Amino acid sequence: MTPEMFRYTLKRLWLGVIIVSLAMMMLFAMIYLIPGDPASVALGPRATPAMVEALRARMGLDQPIWMQFVHFYGSALRGDLGTEVLSGRPVLTVVMEQLPFTLALIGGGISWSVLLGIPLGCMAAVKRGGFVDRVVGVLSVAVIAVPSFVVAIYSLLIFAVALEWLPAIGAGEPGNLSSQLEHLILPSLAVGIGWVGYIARMVRASMLETLEASHIRTARAFGLTDRRITYSYALRIAILPTVTVLGIGIGQMLSSAVFAEIVFARPGIGKLVYEAISVRNYPIVTGALLVTTILFVFINVLADVVIGVLDSRVRSSFN
Amino acid sequence: MSAEPLLSVSDVRVRFPSGSSLTSLAGKPRGIEAVSGVSFTLGRGETFALVGESGSGKTTLARTLNGLQAVATGSIRFDGQHLVGLSEAQMKPVRGRMPMMFQDPVGSLSPRLSVRLLLAEPFVIHGLSKRDLNAEVARLLALVGLPRDLADRYPHQLSGGQARRVGVARAIALDPVLVLADEPTAGLDVSVQGEVLNLLNDLRDRMGLSILIITHNLHVVRQIADRMAVMYLGRFVEQGETGAMFRAPHHPYTAALLSANPEPDPDKIHNRIVLPAEVPSLVARPSGCEFHTRCPCAQPLCASDVPPPVTIGASRLTCHFPLSVEAPAASASA
Amino acid sequence: MTLLSVKDLSVAFHTEGGRLEALKRVNLTVPANRIVGVVGESGCGKSTLINAILGLLADSGEVTSGEILFEGDKDLTRLGSDQMRALRGQKIATVFQDPMGALNPVLSVGRQMRDIQYRSGLSRQQKNERSIDMLRKVRIPDPERRLVQFPHEFSGGMKQRIAIAMALMMEPALLIADEPTTALDATLEVATIELLKDLQRDIGCSVLFISHHLGVIAELCNEMVVMYAGEVVERGTTHEIFHNARHPYTRKLLACDPARLSRREPRLPTIAGTLPDLRNRPQGCIFQPRCELADEVCRMAPPDAAFEGSHVARCWHAEATMAGVSP
Amino acid sequence: MLDQALTDFPPRRRERLAATKNALKRILRDPLGAIGLTLVVLAVVSAVFAGVLTNYDPNRISPMVRFAPASLQHLLGTDHLGRDLFARMLFGGRIALSVAVGATAGSLIMGMVLGLIAGYGPRWLDNILLLIFDGAKSFPTVMLALTLVTLSGPSLLAVVFVVVLVSVPGYARIIRTQTLVMRSAEHVIAARSMGASTGRILRVHILPNIVGPILILASMDVPSVVAIEAGLSFLGLGVRPPTASWGTILNDGFSNIRDSYWILIAGGLPIVLTTLGFTFLGETLRDVFDVRLRERS
């Protein structure tokens, strides 16, 4: 790693830390501002005022706001996101148990979108106006438009319930990889299919733009082969926006994953939170939000670092 | 020409902040000096040209005069009024009398406004919309020699020359006394360039305008400017009367610029002063005479001491070893 | 010996507004070891001419007639894309106008210089050495270190010199330079011209130099071609054209250049009228709507009138202009 | 002052009309545009005239006709409570579209104000706003929505609030970038040099040049708002039952997935058609109006 790259990475990480703190501040402000008291939410409508008061004191809600914030921030920094109301287990442990399932689901979604999206986009751009281009053009718009949970429900209906090709619920037997993969196909497709379209379009558009650039004309004028021009001169630039967008995409796939987990009854953060909501297990909900937010921010940092490796202009223009 | 010059600029400096926002928050006003101690005067009805390589601070200086760029130190006096430190509101009437013309003929016109609205804009901005704007627009179009039906076109429907004329018309809408013309012929073909320059000359003769023109085309300077200044790294290295400077440049940089001007005559024998290396960065200005890194006549003294101002004839310059009248570069001028 | 000869070349584009004749019956020759300038105002077809020679016309463009003979026997308009590609970079190299965009921004300069030597069969090490030699030739200081840097780390003038180094690396027979100095400051412009002159002498290639700057053409070129609205209106040696222009457009163009005025003039000369619409060319002589000498005969297509040497002007009144007022 | 200028030069109405007609023609020429426009019109009309198009009360329970398949009586069949699904679908469209329009318009206006401030205001304010945008955008949308709805209790207002919260930073950032580009564009500097006030510069010289693309972008965001509303309602966190929403219909269908697939169709089909319609239309609008794309052809 060059010193320049190191400095850039460090700066980008630092910015990530600032953003996470800011997000925590906002989260805290929202909790505080929203009408509805966490303690009474947690206890439900039939709680007596005395019970609410007791829980408020236990959660520290009777302290002044700045104290609450310092407490909230300080314990989050120590990895203490509170304890689950029912079982008394630490929230972080509970969330972390579920995280791998969600990550696997998102990983599946990314694999679909990258493995299908990039080649399709390239093919469409290179043979502009051809058959592939037109089919990819319409299909990609269509899959972007339809919400992922609708895709999830319908794919469950068609492939699992009606045709019975693939399992409907669960994450597969523990330790049995092929069973787990089988269970992953439908949910990850539901999570990733919109992104297949999105990435295909994006690669196509930025590829077309890059192919018009004057340095590509220079490369042509030097007699480089079309293959080399397309794949090592143009795609290298055209891929850059895709990397950034994938970073953001992971955040949106996280949203889709929540639905996919609920629809396919898969373990994971989404299902955890959904179940927590129904029993008003409020620390789990905020804890999961915090963990996923941090995850999302640092994935974006990672995406930016990757961009920095691929494109030296970004490194030197940062700041 | 009245006793007091129309515009007098004295020791003006303009700084751009640089570095990250964090360091500027830390209270360290680092920055680069884009215009560095410039002084000159401009008389009524006079045309003054600024020349220099890109990045020498010409455009920044013009924008500063117009109040688009804050002055760090120095004073600007225009038509008996001090301009430094004026608020936007106080500056507004001044801007009506000292309009600017911009480099990009089409790009300097707001893309969603028709020519009619573009030409009416100066009146609307200056609270004169009670006038018969249609008549004003027609008058301006006639003044710059454009057909009336052009009023309903949009900038992207104009040719470069037409857009430039609209720019000129906008500049002279409020009967100004001084026009700041930043590269008014950039990007225009030579045949159109002549039209625009003739138009500016006409207006000067008819309306008694003063013109400050920025250009890198020295032949244009020779044709229309009365006096000129050569800028290098934000400073005036030499200023004087145009004819005299072309005949006998005294600063080696002026001489080099004049000689670096290919002439359309294949039989011409060039006595060229080729400048080595590239223009130094404003962040790391050279010591002493800032031109010494590229100067063909540099001596040890030039690297250590800042040259004092010198006056030779009508020219003022900053150089330790000014060229004599019989400089080799003199042959480069026609 | 003639290296390149363009004969009666016409190129048309299909646009929304109809067929646009961008080049019409263009004739020009580039002799071996000579520098030929192409001069003209915007819209005169200079870029189309280059793209036609390089076989890089846009999809909507088409050569409708004529031929482009290279090295005597190869007609570039008829070569297949593979044969054409074999020539590009090897026999015909190009330097484009925009130094900022000419190099790939995400690849190091060294990588790009190695890539264009892919047909040489040299080792990576040898390719790098050649690149360093070329960079030194175009006066890039410290070329060994510079090789691993990226384009954005160079100034505009340096980038243009790198582009020239790349173009000349394979010692092409023909260098096409498309306004390579237009985006540069005057001091850099003359330095680049001097450099081009030196390198041309060293390598012994021919150069087709496109510019709208008459001074640069006068200084650099042995022969020149004047284009107007897609036609070559006049061609000959630089000397003949600057001193003895036959075509009214050429004479007007020369007169317009303020550099040609020895005195300060109250009014600068201009050319009245505007460029014709190339979708709807005027009948006969292309310059006739703007020409003061135009008469009935100009409504018919003018001949290419030949004069001493290689001097040709496409005008009915070329003889008369000669007798007329001097520029 | 602009208004004054405009009254002095009334824009020729006939020309505007002709331009609109021309644009419409160009949208319809593209098959995708024609499909998109048809679907959008269909969605809007069916939501507005829901009461006219069906005689059924969407919430009336008829235990006698539970799980009835599609028939002339019940165009889309009935659900587990015997409610007419066609009626529920039509009334669900009202919820979906009003949330979509309301939330999008709200986010657009807020995003525009914040973006203009960030782009044209002082640099320190820009830096602070940028950090806030980044902070707000760093929450995964659905997780944030779940948290907020948990705290405030399920309601339509909460859904709108979530949508505004997650989409404002996006709009604001785009407007900021465009404003920054415009700010240093020569025509804006020219306007400043003439003495134009900041308000006039923003109104006359900047906003008109960025508002078009942003509106198109917003029309392409309508599908995701529809998705958020339907999604939260599906989870029982948006519209409270028994109110009909496409999401609650889907939920009813999902609970009875092995008994009757038609409930899923009544809930899913309108979502698919509406989102496709808006996306196709937005795409075509962009192709028709994006000056950059047009210049290239």
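To keep things simple, chains are lettered A, B, C and D as they appear, and every chain counts its residues starting from 1.
Criterion: a residue touches a chain if its C-beta (ideal position, glycine included) is under 8 Å from a C-beta of that chain, and two chains touch if they have at least 3 such contacts.
Computed from a predicted structure; not experimentally measured.
Peer 1: Among the chains, which has its CA centre at the largest distance from chain B's?
Peer 2: Farthest by centroid: A.
Peer 1: Using mean C-alpha positions as chain centres, tell me how far chain B is from chain C in Å, no decimals.
Peer 2: Using C-alpha averages as centres, the distance is 32 Å.
Peer 1: How many angstrom between the C-alpha centroids of chain D and chain B?
Peer 2: Distance between chain centres, rounded to whole Å: 50 Å.
Peer 1: If you average the CA atoms of chain A and of chain B, how far apart do the two points sit, in angstrom?
Peer 2: 53
Peer 1: Using the touch rule from the top of the page, what residues of chain C touch 2 or more other chains?
Peer 2: none
Peer 1: Quick one: label the inter-chain contact graph as line, ring, star, complete or other.
Peer 2: Chain contacts: single closed ring, each chain with exactly two partners.
Peer 1: Report the complete set of touching chain pairs.
Peer 2: A-C, A-D, B-C, B-D
Peer 1: Any idea which chain B residues touch chain C in the complex?
Peer 2: Checking each residue of chain B against chain C gives 53-54, 159-160, 189-195, 197-198, 201, 216-220, 222-223, 243, 256-257, 260-268, 270, 272, 274-275, 278, 334.
Peer 1: So in the complex, which bits of chain A are touching chain C?
Peer 2: 213-225, 228, 232-233, 236-237, 240, 310-313, 316
Peer 1: Taking the touch rule as given, give the residues of chain D at its contact with chain B in the complex, in rising order.
Peer 2: Residues 1-2, 4-5, 8-9, 123-124, 127, 185-197, 200, 204-205, 208-209 of chain D touch chain B in their complex.
Peer 1: Quick check: in the complex, which residue numbers of chain D touch chain A?
Peer 2: 32, 131-132, 134-136, 138-144, 146-153, 223-224, 226-227, 230-231, 234-235, 237, 250, 253-254, 257-258, 261, 264, 268, 271-272, 275-276, 278-280, 283
Peer 1: With touch defined as at the start, can you tell me which chain C residues reach chain A in the complex?
Peer 2: Residues 54, 56, 85-90, 93-94, 96, 98, 101-107, 115-116, 118-119, 150, 152-153, 163, 166-167 of chain C touch chain A in their complex.
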